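To keep things simple, chains are lettered A, B and C as they appear, and every chain counts its residues starting from 1.
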């Protein structure tokens, strides 16, 4: 960088028209580069302003923790939707996290360089599939599978684990949403966790292997402690992806505004609420404000997780340089 | 000169990275309880040869080994040998130290724990012993449970020595173990190695001739993947037989 | 060989890893298989060459040309507008701000934008449209998609530009170029394939996104003839047709999903090929 500044001082004499243009663009760019930040704030402020009518007339605790959703009577309790979102996301994570972390470890620590190079495009492919296609797959494959195979199998255990109770004759359920979501967030988590593992210096692995440790011992004691923060951040990032996912979940989760008690219950996550009811939101008073607050709640949940994981990842991935 | 008792022996050892040959027909012996130094210009295969001695070569992409490496007469590349057992027999000092992400104490205890070498109550005693052998005990005895990454780089290298000794190896392999250190720390390590040769067979890779003169009992000179000359250090370094060795020792490379 | 606990543990964990890896590959195959096997049988020439005729949603004549064209308009428009902002931002970010704290902030806010769910973009876009008095329209959809694609494209380009060796720009400075000239004449040429990859990535994301165009672009059976008429899109064609109770219409949803998948995967493969190109011909 010092070298560059030194060179610059040679060429940017005030007489030079080119240098003037350079200066002008440089100044204009300061404003231009503010666009992303302004945009992010604008979205937040716009949603906040539009949800004012309902935030001012209803106590916040009642909105967040009320479970009555009767727009016609002016009752807006978001709890069923918030809990639906959380349920589906948690089920997705429970399924995805072990699989993704093990896959990332496999790719980074065991697979040959050729396999690693081969798998990357496949993960990109998986990440590129549109969410509505995941939804179709969910409807065609996962929902019947949950209905016909998984539910009868797991509900046998419901007397020990109440969350396995089968209450719902269809397969449109928290579990179906969770499975589809797990597949959707997998490429993200694997890709980031893999990248994090790659930042662990090779010499550290050698140090452990040289002592006669097995590969897994090396991973467990030398690599994972170094990579733990980054892997955790990758999981949180996957979690925030899952929270905001709309179409695929909407298509398989059943959309019943209730607080789920079992993984076979239908749920109604926030994004589905927004997507399903936009058409009629002008017909009922306060309905549009309610949907805007739903967006706001969703945005805040996602932003919180994102900011947390990005700060952690920044730190981790920068150490590599 | 007394009879050489071989500890490690290679027979027609060849190593390849993909299609390029890094070692060509290397047949050497490495004497027991002496310091053997592998010298030669960079890219001559010194480090590759060292990596063949603890099967680290297998960690490289596309690497392939032919021939035999016998330690105490047993071929370590035999399919009946478990690679972790081979590596346990030799401690490694890398070019720069890599402390494991745990405390100083746990670094030394690591090898004993994964191999279950000692009952739990003896570990503390053993950690102390190996830190003393490595000459680090006095500096760290008050902060054994601090993260190892807090040590200076010279201290870290001695910690790596203690960690390697704790798995009770017979051999110490060093890949230019002093090259990343300041001169004082480097001397410290060298001093330890000279003390340790009574009980261990030490193999060092070095590109510093002066270091070879200081430490080596036995020297192997390599050039372009081949062993050109090997023998008692004094003989090779003062009266080399081969013209390439002469050229190297007089500083022509 | 001595039997030891750690070898057993090693084998066990390797087994688990292979299963996990296999599950991920299997789900990819399962999706492609499901979409292909369900979508192919009802994929006809009429599907891709006709707009919906009367009674289409009851299973009568017609195709989804409206949605294909609509999607292309939306995604192309959105990508173009996003490109207008993303390219200069990514380029000058590295030239003028390269390692400043402000650059960190810009990247950070781009990452934040990247993480915002598309349904929130949809809601935001719709709010702005109401504020301006617009109705669901092609333009609204294009602008919302542009918002969605902008951070993706910018960050992807940013990563490519950061890989340009500093020696290259130093050489340009040594010849007396200003920062601006270096950026546009030297760096740009070097990163062109990377820019194309970023554009394709954003385009693929845009064409597949349903939640953001749900309210902003609307849906119509006609091919949009102006920026202010509503526009259909492929993801919504899939979604709406799957929602009808008629098997014939649902069949069409499957083949619409197949068409969408083929477009998106084609774009993804193209961008992979381009990034390969990038690695081969750029000075490393």
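Just so it is clear, a contact is a pair of C-beta atoms (placed from the backbone, for glycine too) under 8 Å apart; a residue touches a chain by one contact, two chains touch by 3 or more.
Since we're looking at a predicted model, the values are computed, not measured.
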Seminar exercise, completed: Farthest chain from subunit A by C-alpha centroid distance is chain B
Problem set entry | Most central chain, Cα average position | A
For this session: State the pair of chains with the top count of C-beta pairs in contact.
Result: A-C
Exercise. Using the average of all C-alpha atoms in each chain as its centre, how far is it in Å between subunit B and subunit C?
Worked result: 53
Problem set entry | Whole-Å separation of chain centres (CA-atom averages), subunit A against subunit C | 17
Problem set entry | Mean-CA-position distance for subunit B and subunit A (Å) | 48
Problem set entry | Set of subunit B residues in contact with two or more other chains | 84-85, 114
Exercise. In subunit A, what residues contact two or more other chains?
Worked result: 214, 217
Problem set entry | Sites on subunit C at which at least two other chains make contact | 6-7
For this session: Sort out for me which residues of subunit A touch subunit C in the complex.
Result: 1, 3-4, 7-8, 10-12, 18-19, 21-22, 25-26, 29, 32-37, 39-40, 43, 46-47, 50, 98-100, 102-103, 105-107, 110, 121-122, 124-126, 128-137, 139-141, 183, 186, 190, 214-217, 237, 240-241, 243-247, 251, 271, 274-275, 278, 291-292, 295, 298-299, 302-303, 306-307, 310, 314
Exercise. Which residues, counting only subunit A, touch subunit B once they are in their complex?
Worked result: 112-113, 201, 203-214, 217, 221-222, 225-226
For this session: Within their complex, state which residues of subunit C touch subunit A.
Result: 6-7, 9-10, 13-14, 16-18, 20-21, 23-25, 27-28, 30-31, 34-35, 38, 85, 88-89, 92-93, 96-99, 102-103, 105-106, 108-113, 115-124, 126-128, 147, 150-151, 154, 169-170, 173-174, 176-181, 204-205, 207-211, 214-215, 235-236, 238-239, 242, 253-254, 257, 260-261, 264-265, 267-269, 272
Exercise. Mind pulling up the subunit B residues that touch subunit A in the complex?
Worked result: 54, 56, 59, 61, 84-92, 94, 96, 98-102, 110-111, 114-115, 160, 163-164, 167
